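Each remark here refers to the structure printed beneath this line.
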Amino acid sequence: MSFDGLTGVLLVPAVAAALLALLPGYRVTARLNVLATTLTLICALSLFFGRPQPGNYLLVDDLNGTFVVLTTFVGFTTSVFSASYIGHELEIGRLTPPFVRFYHAMYQVLMFAMNLALVANNIGLMWVAIELATLTTVLMVGIYRTHEALEAAWKYFILGSVGIALALFGTILVYMAAKPVIGEGLGAMVWTVLVARAGSFDPALLDLAFVFLLLGYGTKVGLAPLHAWLPDAHAEGPTPISAVLSGLLLNVALYALLRFKMLLAANAAALAPGPLMVTLGLLSLVFAAFMLYRRRDIKRLFAYSSIEHMGIITFAFGMGGPLANFAGLLHMTMHSLTKSAIFFAVGHVAQVNGTQRIADMGGLTETHPLLGWSLTVGVVAIAGLPPLGIFTSEFLVVSSTFARQPWLALILVFGLVVGLAGLLLRLNSIAFGEPRGPRAKAKASYVPMFAHLALVLIAGIYMPPALVAWFQNVAGLLG
Amino acid sequence: MTLTIVLACAAALLALAAVAIATGTAVATARMIYGGCMIAAGVSLAAALLHLLDAAGPESLALPLGIPWLGAHLRLDALSAFFLIVVDLGALAASLFAIGYGAHESAPGRVLPFYPAFLAAMSLVVVADDAFTFLLSWEFMSLSSWALVVAHHRVPENVRAGYVYLVMASIGTLALLLAFGLLAGPEGLYSFAQIRAGHQSALLGTFVLVLALIGAGSKAGIVPLHVWLPLAHPAAPSQVSALMSGVMTKVAVYGFIRIVFDLVGEPAWWWSIVVLVLAGATTVMGVLYALMQHDLKRLLAYHTVENIGIIFIGLGLALAFKAHAMPFAAALAFTAALLHVFNHSLFKSLLFFGSGAVLGATGERDMEHLGGLIHRMPQTAFVFLVGCAAISALPPLNGFVSEWLTLQAVLLSPQLPSWALKLLIPAVGAMLALSAALAAACFVKAYGVTFLGRPRTPAAADARETDAYSLAAMMLFAALCLVAGILPSLFIDALAPVSNALIGARMPAQIGAQWLSIVPIAASRSSYDGLLVFLFIAGSGMLAAFAIHRLASDRLRRAPAWDCGYPDSNPATQYSATSFTQPIRRVFGSIVFRARDQAVMPAPGDTRPAQLKVEVRDLVWEFLYAPAVDVVALAADRLNRLQFLTIRQFLTLVFSALVILLVVLALWS
Amino acid sequence: MSRIDFDVAHLLAGTLVLISFLQLYQDRLYALLNVYAAHAFTLAASVAWQAFVQDAPHLYLTAAIALVFKAVVIPVALHRIIVRLGIHREIENVVGVGPTMLAGMGLVALSMVVMLRITHDADPLAREDLAFALSVVLLGLLMMVTRRNAVGQVVGFMSLENGLVLAATGAKGMPLVVEISIAFSILIAFIVIGIFLFRIRERFDTVDVQALDRFRGERR
Amino acid sequence: MVLIRDLAIQGAQMFLVLLLAPLFTGFVRKVKARLLRRRGPPLIQPYRDLIRLMRKEVVLAENASWLFRVIPYLVFAATWVAASLVPTFRTGLLFSWSADLIAIIALLGSGRFFLALAGLDVGTAFGGIGSSREMMIASLAEPAMIVIVFTLALIAGSTQLSTIAAFMTSPAVGLRVSLALALFALIMVAVAENGRIPIDNPATHLELTMVHEAMVLEYSGRHLALIELAASLKLILYVSLIICLFAPWGIEAAGADFPALALGGAGYVGKLAIGSFLLALFETSIAKMRVFRVPQFLGFALMLGLLATLLRFVSASF
């Protein structure tokens, strides 16, 4: 088939992965890594203009278009960040060249897997891709091979595998539900076909399937009580991976959930998926909010805040309706940008302080003004304070919910307040107060960080109509 | 057109903030920034004044910002114009003050960027015309002021104050968010125009009122939501303290008025009871708290709480009268409240400027380390005295006028049909009088201990008079306090369009009254003429002075103080702030604060000095906030155990989740 | 499809569930491995039968994988590990065998209830098969949860995965079955290798999962 | 013409109170002395004292500030203005509308405010005691006073003294419980405000429980004279307030001709005499109380006032 953006987003990372696996030398590979992600981003953007027909395996529509662009963009900025970050890791000898090579190859594999999962039109293929992404990240989380890193990787691996298994069972059930209607064979696993005829599927089977899918992919999303792998994986892996995990992989898993939610929504007799998602979302939100208070490790802190926000997003999609869905999409985008920016900052902060322990940090806005203030802005944004984008989405979620389900909104607000207080508590001790830790000059790449924060700020004040129309269209799709 | 100018000024301020980030932090730059702020505020002030005075109709404008399909709606009506005047006047003076005061700012880099942003946010709040824009500016206002509170972040108290402040502010914002969620309904009609159009049910209105009280009240500092205020206001640099206390709390009042008087629609009669009870408690508690302080800026902050209480008493009365279709009484109460908003913004800013000048000159906020400043900083001492007299509601200054009007509104309560209100309102009036008297006591203490007597520390002994800019700012406000006191009729008439818009009635025109006196209802009922009282006092005082100096002696001799024959050169023998309030602490504090004084007297022959131990407890914090904090801590500790499970136990979690869901599924049908 | 086909498939699936129960019952590692081998063998048989019934030759491949890899290679490897690590001692179950069996009963009952809500026009084989597969999956999970020992958990995970393959093959004409089964074999290989890894790196003196959790993230 | 006449009357009123004030004080002292079987100072003694003080030079403490020297004039002026606005022998004074009852109370309040500041200015222990206690007493006396004003305003429908007085003379009033309560409370407040026994002892200096005298301890010469004069003005103000509110008979309405006015004046003096006699009687028959009993005393007054207001609300017939 002819080369188009779709093949691009899959082909480029695959090729790059192969190359990077072979090439030695940090400088070259780092640059190549950035180059590859740039190309992928360009291909993704080209999807705006030329969009291939959905086949049995691949599909590009507004929904996953959003995700693909977001993924490739954050992938690109993260690769820029990782260039400087990994360089520093090499200098201090935390990583050896072979591992760096491995790291870069895996990075591209991860990109490939995530893109594949997004553009897959076949629920089986999607499952395979997500499994691939999981395994890749497992390997990268364990890359430092310290005790904690291996432990985190192992935890991630085991829980992830169980999640994968549950998701597969759900997938099989969907097929079983589809088979009588669509007939045997590939057709019964092609999402476009499924969603078209979901109305006549067996509801009970669909319900069962959704339960398994919710738990299976929910493990990846990091919803409580399936979240256990997430904080450690974020904390022990290299920071670029933490950024990608929080910023992207969670979204990909959530995207899978959304696809199946649409499937259920299309079937009148099946149970509404909303309540389940709402419940899990609120549970994650409140739980993670309380977990913020006792964190000693800065990366684990923000990992929990990711859980919190995944909870909010799941809640929003669970509520459904054009307004809430729009808010959910917006929130997801904003969270990806903000959280990865925060992890960029945190990575450098940890490097200059030589530790991730919050107790050893202090007065950062004084010792490293740029880092400190960027971190502060990031936290302020993630805490949902204006004029940054997350405020907009939280405004929409809360206000639209309160008119429909006052009690839910009250729980939501409660969680938000608790979470905000927890985050600020930590921020105070990190960014303000008497400076602790070394005053050594930071060799950091600020561009990705600033770019993300700038985008979030702009989105908080002004959203281009095109984007809005797109989001609204997608929100409509989600029903 | 006016609105455009106002917005342009706000934009200019934001631009200034950006400039401040870019440029350095030299004193010259700081002056430039503050000067810029002053100009912007001045222009915007002029625009708002024109709009209010020629009673122009509302102007509105929609920008393609914020929520896309909604856009940012902005509107300038009488109410906005009035509060815009308050904001800009405060901003103008604060900037002028800061041109001089900012010179000895230790961390200009942490003040300059946020100061203009803070000003811009406040003026945006009052012109916002849809829920999103309103809340955005509202919370941005909190955020920028938070940054200013933690400007001196090396002092742990400041960081803590900022923390409490921002958390409380967010709680308030979320409460308002919920309120707007109710008003906007499920289909999300966020613009105020749409909200006004859709009339709300009584029950819904009640929820909105409660949420508005929590939201706007926490910002304004209504007891028991005031806890952040005395922490945050003093922590900021003085010009910012002045803005937060004098202006930002008024923006909060604006939020309350906008929601309760404008958006919700017709009030239920008993809403006023809630408001009045809270307001009365706030008034008395605020001044009692203030009396217990010996930190000058914190004392002033607590007085803000008191005055907010007075304002809300006026608003509560207005609600009561409005609900019982007594428009003229409502107009009177409402005007009184608005006038007090204006007056308080004047003298509270003035007082904070003064405390800033003292802080700059001596490095001290604790009154126990000050004293005798009237000799070292005479001009500051004079303007501060004017401020004290004004806030203590002494004629012929402005504080008295608004409290007098409020009392006149209280006296209209017998015409109300409902018994509850008939019995409640006089009690509230008594509270108002009580707080006025206590305020006078408090400011005798504040002024007497800080400026009079003998210096208690070297720092106070060799203080220097503050700079010209600061003095100019203070003089300006002192003059305004006097003008507003002796010519209140001008201000009352200027407020007519506001009460016309929100109450549907206005106070009778005052300009016509003889000798510029104010006559709320009828001359036979009550009237007051600040100008005449002023002239009388001045005249008879001068007459007495003239007569005595001419006919009797004008000789004068300096000698040591008499002090009943026991003069003691040690300044520690003076009355201190703590000892001054000891009787009041004993009368009121023993109940309200469980206050305990105990004098530790060493045995004869023991060389240790005697000590006075004073213990004052903040029951509101102890019984409301401390428990909440404990609960959160407890929950955090309990849940934190989940971080330390084994993989198998985590698997168990997943497994049980699965089983539960399956069971639910099985039981579904 | 004819009666006999159905019965055989049914029988095999039932046997699988039975063997899962047997696994729950075991409290020695060697025995557990042997029972698991039987489990895998039965799976292979049932997959093969499905291949024959649906005359889908590619399923034979899956069957072969099951037979070779799961029924022979993995058990032998684990056997080796046990010998290496010298942990052929008793398995510490978290809860006693009795309660575990009861829980298992409950799970099977649950899966039946859930499945039988499915309308009858879905083909019966699929329905019954799914019911069995679901119970196998749940029993496998139960086993993972109730065993402290990594080997025990691996076995649990593998039997869970057997349940999945059973379901997949039961679903007539489902594509990607082979790929999926291969993918899973890889996954399991990873796990086993992981255990090896931990053994080879002189960090952990036991593969008892709790040893991995000594730090559990936050240093405290 | 009318304006001039009114001006004249207003002026007469101002100087009447100014002249009568010391006499009244003296009369009270005389009566007290008599009741104690002493001869007591002559009635004109207060005038003599004032004149002597005026002639003396002022001895000013070294660190006294400019404020300390301004305050006597301020206090005197505020008190005098307040006193001159209380109708004594004729209602409807020219400037009566320039300050209603509340404003008059506030004027006295400002006098007190500045006097208390003066007590703190020199920085002596005695001055501090005085100011702090004065403000404590005021913090209860003022609200009590305001509540009394409520009661009257509710009955008369006005806070304008002339209107109230006119209403009181009208037959519509009759005897009311709330009025009695208000009167009682007002007397208690007046006693407290003027620092008479049992709250304070105007005749002593070296007593640790003194309040007013401690504040003005550092004053001498003309300053002291002004403050003394202000004190006696305040006293006469309160007495005439009580008179005009509760015994307004004989106070002429606006537009009365001269003989009527003279009659009114005479009546006023007579009432003053009775008032001073009662005051002296009260003071001699009661002992001074400890400072920390004062809050209870005033709290009682406040409660009476509130009770009066509430009674008034419950039924118009009270």
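Letters A, B, C and D mark the chains in the order given here, with residues in each chain numbered from 1 onward.
Just so we're on the same page, a residue touches a chain if its C-beta (ideal position, glycine included) is under 8 Å from a C-beta of that chain, and two chains touch if they have at least 3 such contacts.
Every value quoted in this text rests on a predicted model; they were computed, and no experiment measured them.
**Student:** Count the touching C-beta pairs: is B-D or A-B ahead?
**Tutor:** Top pair by contacting C-beta pairs is B-D.
**Student:** Going by C-alpha centres, which chain would you call the most central?
**Tutor:** So the chain sitting closest to the middle is B.
**Student:** What chain is the most remote from chain D, judged by the mean position of CA atoms in each chain?
**Tutor:** C
**Student:** Averaged over CA atoms, how far is the centre of chain C from the centre of chain D? Could you give it in whole Å?
**Tutor:** Centre separation, chain C to chain D: 100 Å.
**Student:** Starting from the mean Cα coordinates of chain B and chain D, work out the distance between those two points in Å.
**Tutor:** Each chain's C-alpha centroid was found; their separation is 35 Å.
**Student:** Using mean CA coordinates as chain centres, what's the gap between chain A and chain D in Å?
**Tutor:** Computed from C-alpha means, the inter-chain centre distance equals 78 Å.
**Student:** Using Cα averages as centroids, what's the distance between chain A and chain B in whole Å?
**Tutor:** Roughly 44 Å separates the two chain centres.
**Student:** Residues of chain A that touch two or more other chains: which are they?
**Tutor:** 154-155, 158, 162, 208, 231 - these are the residues of chain A that touch more than one other chain.
**Student:** Can you list every residue of chain B that touches 2 or more other chains, as numbers and ranges?
**Tutor:** As it turns out, chain B has residues touching two or more other chains at 643, 645, 647, 651, 654, 658, 662, 665.
**Student:** Mind giving me all the chain pairs that touch?
**Tutor:** All chain pairs meeting the touch criterion are A-B, A-C, B-C, B-D.
**Student:** In their shared complex, at which residues does chain A touch chain B?
**Tutor:** Contacts found on chain A: 154-155, 158-159, 162-163, 166, 207-208, 211-212, 214-215, 219, 225-226, 228-229, 231, 271, 276, 287, 290-291, 293-294, 323, 363, 365-366, 380, 383, 385-387, 391-392, 395-396, 398-404, 409-410, 413, 416-418, 420-422, 424-425, 428, 432-434, 460-463, 465, 468, 472.
**Student:** Chain A touches which residues of chain B in the complex?
**Tutor:** Chain B reaches chain A through residues 64-69, 110, 131-132, 135-137, 139-140, 143, 150, 153-154, 156, 159-160, 162-163, 166-167, 170-171, 174, 177-178, 180-182, 184-188, 190, 632-633, 635-637, 639-640, 642-643, 645, 647, 650-651, 653-654, 657-658, 661-662, 665, 668.
**Student:** For chain B, which residues are in contact with chain D within the complex?
**Tutor:** Contacts found on chain B: 371-372, 374-375, 378, 381, 385, 389, 392-395, 400, 404, 407-408, 410-411, 414, 422-423, 426-427, 429-430, 433-434, 436-438, 440-441, 443-445, 447-449, 452-454, 514-515, 517, 519, 523-529, 532-533, 536-542, 544-545, 548, 551-564, 566-568, 571, 573-575, 579-584, 586-587.
**Student:** Given the complex with chain C, which residues does chain B contribute to the contact?
**Tutor:** Within the complex, chain B touches chain C at residues 643-648, 651-652, 654-655, 658-659, 662-663, 665-666, 669.
**Student:** For a test of understanding, state which residues of chain A touch chain C in their complex under the given definition.
**Tutor:** 124-125, 127-128, 131, 135, 145, 147-148, 150-152, 154-155, 157-158, 161-162, 164-165, 168-169, 172-173, 175-177, 179-180, 184-186, 188-189, 202, 204-205, 208, 231-232, 235-236, 295-297, 300, 357
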